[in-house]
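One chain, subunit A, links the two complexes that follow: it is found with subunit B in the first and with subunit C in the second.
So, the complex of A and B:
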């Protein structure tokens, strides 16, 4: 399936009119994208490093996971909305950018991983899960989200 | 006076071979900048969690001072990496950065955020855990946490804006903008 039509539509949408004409608006939206990155990465780091036993060892992992999940969702929505707006400014260019697709692929994997595997799994009592399963989940999560962030930054360089 | 001095320093740094090498490198500059940006997740991520705890919006089951204490070291580690990579980014492009209005606002905001953080820490130590179990910290702490979030958001947006050339000295700007950006040569033309 070719999704070119979506980028073409985005390029002609009112979002693009705004993002292309007003550099200031773009910069502010980009700030929200970066703040969302900080929040998303922060919650991922906290929860995963707790599961690995590196940080917050004297706080139950259930508490850390529960507290970070809500803010992960907030950050995800924030980065998604700001990301779509930013994409509209260079939609057709992004369609031909390999790094953009690397980011989208790892982002899609991240979504499936978080909502399809990580959350359902961590909803169980952590004591009943094998420590190696918890460690594996944590490392996988760290690798996926680091890839999303790094490939995202690299779109600008490529 | 200060502008002349800062510009002289920037021009001296600019003569360094390493500064040029960094600026013209194919990947090194990009890697340093990527590290600078991604470390936001470590530094700001931890800071957000501490501030949100004070506001009663995250980790409410965990005592406030305990969370602040446990997250302090990773946060400062992230800050250290940001300072080092930030200095290298400045070192790679010293002259333009010195005369960037965004960079100047960013430095002012960081000083304000630093003072705020210092006062926040002092108030926290003075309280000695008296409100630790409360869902929300007292108002003075919440104000500090809110200010911290706002100031750092400002640092992020001004930091990102350095890359834009809207107000570079070589553009046709007003006297006020030349003054604020410290465009020494352009200001001299008004004399």
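So, the complex of A and C:
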């Protein structure tokens, strides 16, 4: 399925006009994008390193995971909305960028993983789950979100 | 979904993701090395 029409529409949209005409607005939105990414990365690191038993060992892993979930959702919505605005400024350029698609693919894989597997699985009592499965879930989560962040950064170099 | 089924899905998905990520990053690093070779010989 070709999604070029969406990028063409985005390039001609009101968002694109705003992001291209007002550098200040773009900078503020970019700041929110980076803050959202920092928050998202922070929640992922906290929960996954706890699952791996690297940090916060005196706090039950279920408490750490439950506390970070809401902030993860906030960060995800923030990064998504600000990301759409930012990409409107260079929509057609992004369409031809391989790393952009790598980021979108890993982002989609991350969403399926978080909401389809990780969250339902971690809703069970962690003591009843295999420790190796918990570790694999944590490593998978770290690798997915690292790939999202690193391929996003790589867009600037490619 | 039962706990056991979810655990199996998590293991399968995790292995697939880790293998795909290893392939993807190996490819990226390889392309950077090739670029550096072209630039510096």
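Here is the rule we use: the second predicted complex is superposed on the first by the 158 of 158 C-alpha atoms of A that agree within 3 Å, B and C clash if a C-alpha of one lies under 4 Å from a C-alpha of the other, contacts with A are read in each partner's own complex, and residues count from 1 in each chain.
One rule holds in what follows: a residue touches a chain if its C-beta (ideal position, glycine included) is under 8 Å from a C-beta of that chain, and two chains touch if they have at least 3 such contacts.
Here the structure is a predicted model, which is why all the values come from computation and not from measurement.
Novice: Where does A:101 make contact in the superposed view: on subunit B (first), on subunit C (second), on both, or on neither?
Specialist: In the superposition, A:101 contacts neither subunit B nor subunit C.
Novice: Is A:39 contacted by the first partner subunit B, the second partner subunit C, both or neither?
Specialist: A:39: touches subunit B, not subunit C.
Novice: According to the stated criteria, A:154 is in contact with first (subunit B), second (subunit C), both, or neither; which is it?
Specialist: So A:154 meets both subunit B and subunit C here.
Novice: If we overlay the two complexes on their shared chain A, which of subunit B and subunit C does A:124 touch? Say first, second, both or neither.
Specialist: A:124 sits against subunit C, while subunit B stays out of touch.
Novice: If you tally the residues of subunit A touched by each partner, is the higher count for subunit B or for subunit C?
Specialist: B
Novice: Touch check for A:67: first (subunit B), second (subunit C), both, or neither?
Specialist: The answer is first: A:67 touches subunit B but not subunit C.
Novice: Output check: A:56 vs subunit B and subunit C. Expected answer is one of first, second, both, neither. What do you get?
Specialist: So A:56 only meets subunit B here.
Novice: Quick check on my understanding: which residues of subunit A belong to both its subunit B contact set and its subunit C contact set?
Specialist: After superposing on chain A, subunit A residues 154 contact both subunit B and subunit C.
Novice: Can you check the complex and tell me which residues of subunit A touch subunit C?
Specialist: Residue positions touching the partner: 102, 109, 113, 117-118, 120-121, 124, 128-130, 133, 136-137, 139-140, 143-144, 147, 154.
Novice: Which of the residues in subunit C come into contact with subunit A in the complex?
Specialist: Going through subunit C, the ones touching subunit A are 1, 3, 6-7, 9-11, 13-15, 17-18, 21, 24-25, 28.
Novice: Please give the residue numbers of subunit A that touch subunit B in the complex, ascending.
Specialist: Of all residues in subunit A, those touching subunit B are 23, 27-28, 30-31, 34-35, 37-46, 49, 55-56, 58-59, 63-64, 67-68, 70-71, 146, 149-150, 153-154, 157.
Novice: Spell out the part of subunit B that touches subunit A in their complex, as residue ranges.
Specialist: The contact residues of subunit B facing subunit A are 30, 33-34, 37-38, 40-46, 48-49, 52, 58-62, 66-67, 70-71, 74, 153, 156-157, 160-161, 164, 166.
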